[in-house]
Amino acid sequence: MSEVIGALRETVASLHAELTRYGLVAWTAGNVSARVPGQELLVIKPSGVSYDDLSAANMIVCDLDGVVVEGDLSPSSDTAAHAYVYRAMPEVGGVVHTHSTYATAWAARGEAIPCHLTAQADEFGGEIPIGPFALIGGDDIGKGIVATLSGHRSPAVLMRNHGVFTIGKDARAAVKAAVMCEDVARTAHLARVLGQPVPMAQADVDSLYDRYQNVYGQPGRQLSAD
Amino acid sequence: MSEVIGALRETVASLHAELTRYGLVAWTAGNVSARVPGQELLVIKPSGVSYDDLSAANMIVCDLDGVVVEGDLSPSSDTAAHAYVYRAMPEVGGVVHTHSTYATAWAARGEAIPCHLTAQADEFGGEIPIGPFALIGGDDIGKGIVATLSGHRSPAVLMRNHGVFTIGKDARAAVKAAVMCEDVARTAHLARVLGQPVPMAQADVDSLYDRYQNVYGQPGRQLSAD
Amino acid sequence: MSEVIGALRETVASLHAELTRYGLVAWTAGNVSARVPGQELLVIKPSGVSYDDLSAANMIVCDLDGVVVEGDLSPSSDTAAHAYVYRAMPEVGGVVHTHSTYATAWAARGEAIPCHLTAQADEFGGEIPIGPFALIGGDDIGKGIVATLSGHRSPAVLMRNHGVFTIGKDARAAVKAAVMCEDVARTAHLARVLGQPVPMAQADVDSLYDRYQNVYGQPGRQLSAD
Amino acid sequence: MSEVIGALRETVASLHAELTRYGLVAWTAGNVSARVPGQELLVIKPSGVSYDDLSAANMIVCDLDGVVVEGDLSPSSDTAAHAYVYRAMPEVGGVVHTHSTYATAWAARGEAIPCHLTAQADEFGGEIPIGPFALIGGDDIGKGIVATLSGHRSPAVLMRNHGVFTIGKDARAAVKAAVMCEDVARTAHLARVLGQPVPMAQADVDSLYDRYQNVYGQPGRQLSAD
């Protein structure tokens, strides 16, 4: 038990380096969490701590109501949203939040990202949807994420006027979705600046999504984490 | 006293690395200063020295008229503007100046950045305002900064045809404001390129600003510095 | 034989660092391969493995039907396309695939990049052409690459709604073409955003291409790799 | 004599790191040279060699007709243009060539960059001018640079459909001009995307230019190199 949490602390702390590597976050504005398998607990970044200073030791363990169980610091101010997702979506093992630039520009306009790229079909299975505007401080953000992503292929939601939340079977898969969300948001933005992308047939989108979810990656490895 | 200044020299020198990390500055075009608490002094970058070569030892200590008190090099050519701010705004402990690209593009048009993002509401409490055009070499830039930011929520001003000045309770807070200013300037630019952002209700902006200034971060830590 | 393959494993593994250095790839979405000279074999990246974890040891050796000959992991999911190119174009010694952002934005619109830059005339000899939309999983992508690039000066093709494939006499030349493709795609995009580029005379394009292919670089070194 | 050349080899080799640091060059497409003071010689990058592999030892020394005097490799394919500038402009001690993205986008349209920023007034004294289209291989590029920059305040010229050449009293000053040229080209581009910059009065541009050339930097240090 303690060993599982120790390993997750290490994983969650180090996955934040992918957010900085891909330029998804400025200052301290982004966070990764993981569910502790088989327990009503999550591991999350402390609030307002620089990415340079993150380590397994200063990660925060909370219950699924966001109450701190282990840790000296306050958890991320987005903890309530993460916790709500874990309560409502038992298949989710990881959650990521960013204000990554291009995706947040779509979110500011309240505009879903239409699917015109094979990479988007692979990872998101179609458009990346818009979630509602919601104020921080209660369950409204969590409810908006869950209402938008439940039954949707996309592991990413663009919360209106705010930013991106992604989910995954584990924290690494949610980080991958956050990286790919910004990547396709940027390409889709640029494509639109000079005209209109060529539409893709829905059957092609479906075919790509199905193949990517079931064939890609290494046999015996969890594909959506790669 | 000397120990306080020594620590501030170290802080000011090392905070310049955040300007290069976030790509806010080219060559030597940007600077950070800090007020020496309880003294009529400030610590600032020397003029025209590469960011690679900054150290506690080559920082310059000036009085609040910009006259050098300690240091072998000339202080930043923007020292008069920094000094004016410290004289006029006793609550300010740090000042930063950059020509960061997206913010300066808004400044070139003389256009304030309207608030369509929760991150902007958090840090700036609404729009990021435009200050007047002013020539370097006297108190005009300082006066323009103070006239624009006095009584304004925003810790950042876009000086017309010039660039960004930010203030904070300390140098780290002013650096954070400079980083977040460019971040929201970039996202706001991109959102506008393909249409119009969805407006945010003033009450929501107010609520986010109030919460961020009073709740975010670690208890007992100075929040606006994180 | 084994020594040649060992050296190619090293080369192919390390060339992936150029894809990350120039920001051409996100997560694991891009790959480099090389033909084994004089053998019906190719060396390629394993599927879904992070660029940080690539080494000579985990590269995959396949025959030209994409069947694994050496290696414990699955080869890149794009192996069929690489293999098809090697079967159809005996002069090709290296193939690269990316979803680099600006080039893929042109691909999303199905729009070839017109030649308005001396750098594009040098490396591509004119426009960078569009290839057909093709689903992954058979020979369709490979056929589209070969149909587009056979007899064309350009070593790069923009596969519609997908991304970039480049070819070269060796893997390094194909990587160079991928780097330059994104560079000219970005410049051409920006030029068009604010107006129309000045056309270049076809004779000038021809003259630049001829000179670059025959004069540039170091005598006795294979020029298209530099 | 040999000591002077040895020091210049070191300087020229290491200044290329500024081109990669600021993202001004892709692959090997950009070069720095320096005049050897008091001699009819210049030091320049070898052709087609990766920036990672540059060192004092592999720099090339040429006479002012571009004939190699010291060095085992061929000099940059742009050597004739550098040499022409040194022959025609005795006050020039350094020359830089890049295809930096935003500046080259202006060059592709044949459009000078108008001066709407104090940073541009400081370094360039007004607009950054367009030079003619010219083919590589003779003196045409050099003539175009010299014809455009002679008597002009700007140390940078945008060669049409090609890229940037900058000059300076030494190689470091020319590198600074190349860095600042891309910086203001990018900001000017972005400002124009969403509207029109506010014009600056010519008297203000003149005043800024005069002050920057005569006051900025450290007393006793050569200011335009900082």
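Each chain gets a letter, A, B, C and D, in the order it is written, and its residues are counted from 1.
The rule we apply is simple: a contact is a pair of C-beta atoms (placed from the backbone, for glycine too) under 8 Å apart; a residue touches a chain by one contact, two chains touch by 3 or more.
Small disclaimer: the values here were computed from a predicted structure and weren't measured.
Considering every other chain in turn, the ones in contact with both subunit B and subunit C prove to be A, D. Rotation angle relating subunit A to subunit C: 90°, from a CA superposition, given to the nearest 5.
Look at the contact of subunit C with subunit D and you find different residues on each copy: under half of the numbers used there are shared. Work out the mean CA point of subunit B and of subunit D, and you get 31 Å between them.
Taking the mean of the C-alpha atoms as each chain's centre, subunit A and subunit D sit 44 Å apart. For subunit B, residues touching at least two other chains, in rising order: 193. Across the assembly, chains come into contact as A-B, A-C, B-D, C-D.
Touching subunit A in their complex are the following residues of subunit B: 22, 116-119, 176, 179-180, 182-183, 186-188, 190-191, 193-198, 200, 204, 207-208, 211, 215-219, 221, 223, 226. Residues 26-29, 46-49, 73-74, 77, 99, 101-102, 104-106, 108-111, 133, 135-137, 160-163, 189, 192-193 of subunit B touch subunit D in their complex.
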